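Down below are the structures I want you to see.
Next, two complexes with chain A in common: one pairs it with chain B, the other with chain C.
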Partner chain A sequence: MTTDLVAAPHKRQAHGLKRAIERFPFLPALIILVALLVLNGVYQPRSVSFVGITGLVKTYLALMLLAVAQTYVIYAGDIDLSAGAIVSLVNVTIITAMTALGGDTGAVIAGLGIGLAVGLACGVVNGIVVAALRLQAIVATFATSIFFTGLALYVMPVAGTPAPTAFWRTYGGRILDIPFVLYAVIILAVLLVVLARTKLAVRLLSVGDDQQAAYQSGLPVTRIRLQGYALCGLFAALAAFCITGDTASGDPLVGGKMTLNSVAAVVLGGTALAGGFGTVTGSVIGALIIGLIGSLVFFVGTPSEWQNLVQGVAILMALMAGILVGRRARR
Partner chain B sequence: MKMTFARALGAVAALALTAFAAQAEDYKIGLSNGWVGSEWRTQMIEEAQAAAAAWKEKGVNVEVVVQSANVDVPGQIAHVRNFISEGVNAIIINPNSPTAFDPVFAQAKEAGILVVATDAEVSSPDALYVGIDHKAYGAAGAEWLVKTLNGKGNIVAINGVAGHPANELRVSGYKEVLAKHPDIKLVNEVNANWDQAQGQQAMQNLLATYPDINGVLVQDGMAAGAWKSIMDAKKTDQIAATGEIRKDFIDLWTKDKLNSGATVNPPGTMASALNVAVLMLQGKELKEPATAGQYKNAMYLQIPFIDQSNLADAAKQLEGKPGYYSYTNQLSIADAEALFK
Partner chain C sequence: MARLVAKAVSKTYGATKALRRGDLEVEAGEVHVLIGSNGSGKSTLCKIVAGSVRPDGGQLLLEGRPMTVSGPEAARKLGIGIFYQELSLAAHRSVAENILLSDLPGGLFVNRGALNAKAQRYIDLFQGVTGDDFHADATVETLRPDQRQLVEIMKALSSEAPVLIFDEPTSALDRAQVDRFFEILRRLKDDGRSIVFISHRMDEIFALGDRVTVIRDGETVATKRIAETDPAEVIRLMVGGEETLVAAEPHQPTVVAATAKTVLAVSGLSGAGFRDVSFNVAAGEILGLGGLHGQGQSTVLRALFGAPSPTSGSVQLNGATLNPSSPRATIGRGLAYVSGDRRRDGVISGRPILENVTPIHAVKQRLALASPSALRAKAKPALEALRTKFATFNHPISSLSGGNQQKIVIARWLIDRPDVLLLDDPTKGIDLSAKTDLFQLIRKLAAEGMAIVLYSSEDAELLGNADRILVFNGGRITRELTGEQRTRFNLYQAAYEAGEAA
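And now, the complex of A and B:
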């Protein structure tokens, strides 16, 4: 986690906290995460037991991945409002493909391959529309989200088909007595570290920092933004795999509401929505913060009619705390 | 000495008995609602809370814990996991997806928790559905419209959210009825996403395109909007359309003598599910096992229908309530008991 080096393209010398936050912009989010874990543990000790934490990861791994997906486009100052729709489309596509191919291990692997291809294709479509055709990202991806949802409804008009048992039993099961999702988290961490060291991550941040300057310094801005969307599509496909593993079924509307949560997770993680500054680690933490706030609101015993309000206020407070700490450090 | 021993034994027995009784008659039930976009859902939870409190008279303590917020599917899976952590005896859920909860419900069952879905069916074999049959809901509206139009005329349909299971079931329900009446022509169907504004706009477009329609099949949540367009077009005397169960609509219906009929999906459905759940927690067995529906785990409740014949009764039930309050109906404890052995 601590090896996530891509923070900002510019670095300045500074005192301790300031330097720490510049190097690890997700630090405030990490503190909030730890505080939330402690609070959850105080109000419901079982929620932070091994089983509880495994459940939390199992449930929110999809949102973590989708937040990572969203981070790559936000790096470049873009946004993807179709991320949730891509999750839905990949979910119904892999379920349909796996079922059609017979549902054995071979079919599962083929289905996952097809899912990655679909995610990538959706990302490329977004990239072409936003980067090549220069439509405003927020509206263009809103439009493609409707298009992708339409495709998902065409593939599976109503929720229902179960996932092959081999697939969801693996996701929900254990290997050598350790839950599968914990392996997935480790693989994700390695993948993120590797990606953070690629040229692409730095270039996306440069484009987000100052698109004009990036262009003038000779960076292929259009291609970089397109690659950002492609990467976003791939990670959205991975998120879809997790949600398919946790729900064991196809549902053409399953991901729709996840889009804004993914954006919120990115911002909670300390990444600037305007682009040019941030980390994927922060987004992963942000996704967990959203999940833990939801649970905490319940565990402290908030009356049902106040739960939405308290949850909203808590997320706002988490955002403010992060920004205040960050601002003080950067001053 | 002997006396004391006997007394001590008695005390232990009494203690054990009270402990047993406390265990048997104290239940904690978790209510999960994943969408808070309408007053119907709020009323659903309030009625369930009231139903839980009503068990006190029977000497049963039912504590309800509620999770109700706008959540995505993982968010509602988290609701269930939180309830498992909390150690509830039963979970009653109005689910955001019909299929997505299979693995987590299996976990709940493993933890010894009874899972009851309400308002929308779930595919999980580890859960029970207590609520209305949405297919019969769709059919009831169509039956009324066919009868009102004397089996002849052009109609349009305004549906909810495409791909939503309740919507698909309702649509298949009315299509089955219409298939039996070839003189009723369904000239167009549109989706208005259970949104009053979209319902109003859809109706406006439909009236502009088909000025000669006689009937409209529109689900609650959009019907008030659709009726507004019909009234704006001054076609209330030419068109029969399905309606809503909210008080403000029922008042309008009575005042303007609209030609309407409303299938009732009562917000009391969660209270009904709770009463069934408590009886199950008490170890009672259903007379007829719940095996209805496409997932073979449903227990369907009766669907009330409001038309001219009982409109006044409905209005009476809603007297003094706020405008957003829905006509309701629930399985009382006695009604529920009658379903058990």
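And now, the complex of A and C:
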């Protein structure tokens, strides 16, 4: 069948860019990230040094992991507003557990195991409430977030219990002269690549694309959504490990403000909030963007009372830039 | 013994009885056609068999054993595959992923190699007719409607189920694609599969079917051997006997007097998907656009309406230049456009019928405030002209059958009469009696002096209603059929011969 030959070359060129964005939806975010790195370098040259980047990663690895956690849920068109509360609960649980078990290496490892179990349990609870009981994700996970925070406050009513030295020394330390967090980043990268190849990733995206269609196609929609929440809980636990390593103490409210940051990171990364389309890589980049905006606002010397406002405007601008680039390319 | 039996299956949604008593018996190795006007319950019956709708009553038997289908997943395991009329595709996933969605190869991980190889087997079945840019890795979102429909067909085929249900699988396909699909179905039938096939196209039904079951108002009326019946009898069973039918023979062309004034003059119109299209439409004339599916007919109509505007060429309306810059501009000048894709272009879903009849009136009259009673008074005659069946103006439009929804969409243009009515395959997926009402109205509007441009994917509708037919191919007009030339033979021939030339 012949199509319009006159319009073809122009169309193909636009198609190329469109294709690139389709395959790598995080491209606009990556451009913003590079721009922010350059700006950070201009205002504070040391911030783009090896030490500076390591510090950035150390601080924002938790948000990167939580953004990844959030992504799997958003893939399926759901949302998890309790992700931050899970981080808090895991944070106080592992510190309490590690301290109770004596604080040596064995206790730390046992504590991490318990933390993963708690994260998974929270995810499953969310999954049951949203997918099996069919409550609205946004309200139901808001409710469970209050519930999880309540549990965290029960486990550790007041912030401040220090983490075992063995734990935070490892997180902030070096192995073979390479910072531990860089190993963590490499392991995370491998993990994300592996997870992207699972059936679950494709199924989550298919459910998010059109839940009715997925159901009619014979996919076990309820189970898939539940698995998404479970995976989210596990990654929230990993995020809690990082924040515990970074702050070296327990705080029953530490994760609360991270929830919406994680959602923002996912959207910045080019993932559709409605589900069905996106990448975890984008979410990691999105988390770094939020981190870099924070440090840039600081480096430019914004007076402290203006920092929130400037940061908010900067995130809005990053969102707009990403959307404009994406829209251009799609046309 | 029949392979699949449905006995007195029923389903009620709220106050509507979607299916009162659905009976169906399908043998191994037959193509069983299910026919009935829209809203008669065919799709509901199919969805019950395929597990995506739970029945309120009745019994299903598979190979003589009673079965309960707890969901689509269970149905697939029982050996029932289905093509959904509204498609069940994930737009951002690849063709291969969609074809094998419920049965992705591999364990924990997707085996990409096996996935594409397996999907390719089904794609190869349609080799040569899939059109450009159709491959295993293509994102469904980037495909044309006919190509998406092919993906849904491949998806149903990939179930390799002994019972295959196809709910209007050919509505977007062109003739070559339909021919290939029928070849495949015949092969499957010879392998002993049971095929349930829903279609509104009589020629398809008689070309393919072994038996036909007619459903009317949610009840199975009769099952006949195709060899022992004829289209007239099937239609009589469908509509209950008395209704008038769409003329099967070409109607006498309205003698448009040489003096009749040209309302719409299109010259050298080009845009995405069509080139150098020129034609005139006189007052009182019905101009038909024909040819294979997707040859630029729809895009020309949309361009005239300004959605999106053409890239070059000129349009004269009543002697004055018309710049189709946007639908808002063309509506203001007296153009009307009705699309066959109701869900995308017509229906304002979830809103009451009244709001669905009056938006164009509101735009044209620049209504800022309006009283519902005044609007109802204006909407009523427009709806009555089409014999629209509806309970009250406050019911949501979704409470109506497809045919009645389309009538509502058409009625919204009739409150303030347009000069030119552009019809873009307006009867897609609506039942015969609604079609009859529609074409009666269209002819009446033409008789009253409206200029009408009609694109239809059904040749019978063009032959039965158009005064002249322009045959499109590859985005150009390749032939004009007037007067005695308007025969089915000429129309087929023009569409195909032009296709070979291009």
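As a working rule, the second predicted complex is superposed on the first by the 314 of 331 C-alpha atoms of A that agree within 3 Å, B and C clash if a C-alpha of one lies under 4 Å from a C-alpha of the other, contacts with A are read in each partner's own complex, and residues count from 1 in each chain.
The rule is simple: contacts are C-beta pairs under 8 Å (C-beta built on N, C-alpha and C of every residue); 3 or more make two chains touch, one makes a residue touch a chain.
As the structure is a computational prediction, the values presented were derived from the model and not from experiment.
Chemist: So in the superposed three-chain picture, is A:220 touching just chain B, just chain C, both, or none of them (first/second/both/neither)?
Modeler: So A:220 only meets chain C here.
Chemist: In the overlay, answer first, second, both or neither for which of chain B and chain C A:55 touches.
Modeler: Touch partner of A:55: chain B, not chain C.
Chemist: Return first, second, both or neither, reflecting whether A:307 touches chain B, chain C, both chains, or no partner chain.
Modeler: A:307: touches chain B, not chain C.
Chemist: Tell me the contact category for A:210 with respect to chain B and chain C: first, second, both or neither.
Modeler: Only chain C is touched by A:210; chain B is not.
Chemist: Give one of first, second, both or neither to describe whether A:251 is in contact with chain B, with chain C, with both, or with none.
Modeler: first
Chemist: Which partner, once the models are overlaid, touches more of chain A's residues, chain C or chain B?
Modeler: Larger number of chain A residues touched: B.
Chemist: Please identify the positions on chain A that touch both chain B and chain C, taking each partner from its own complex.
Modeler: Touching chain B in the first complex and chain C in the second, no residue of chain A appears in both lists.
Chemist: Spell out the residues on chain B that touch chain A in their complex, using ranges where they run on.
Modeler: On the chain B side, the touching residues are 31, 33, 36, 42, 45, 65-75, 77-79, 81-82, 84-87, 97-104, 123, 161-165, 168.
Chemist: So in the complex, the part of chain C that touches chain A is made up of which residues?
Modeler: Residue list for chain C touching chain A: 50, 52, 71-73, 75-76, 82, 84, 87-93, 97, 101-102, 104, 106, 108-110, 112, 131-132, 139, 155, 270, 272-275, 294, 311, 474-475, 499, 502.
Chemist: Touching chain B in the complex: which residues of chain A?
Modeler: Against chain B, the touching part of chain A is residues 44, 46-47, 52, 55-56, 59-60, 62-63, 84, 152-153, 157-162, 168, 172, 243, 246-258, 261, 291, 294-295, 297-299, 301, 303-305, 307-308, 311.
Chemist: Inside the complex, what are the residues of chain A that reach chain C?
Modeler: Residues in contact with chain C: 1-4, 6-7, 22, 194, 197-199, 202-203, 205-206, 209-210, 212-220, 276-277.
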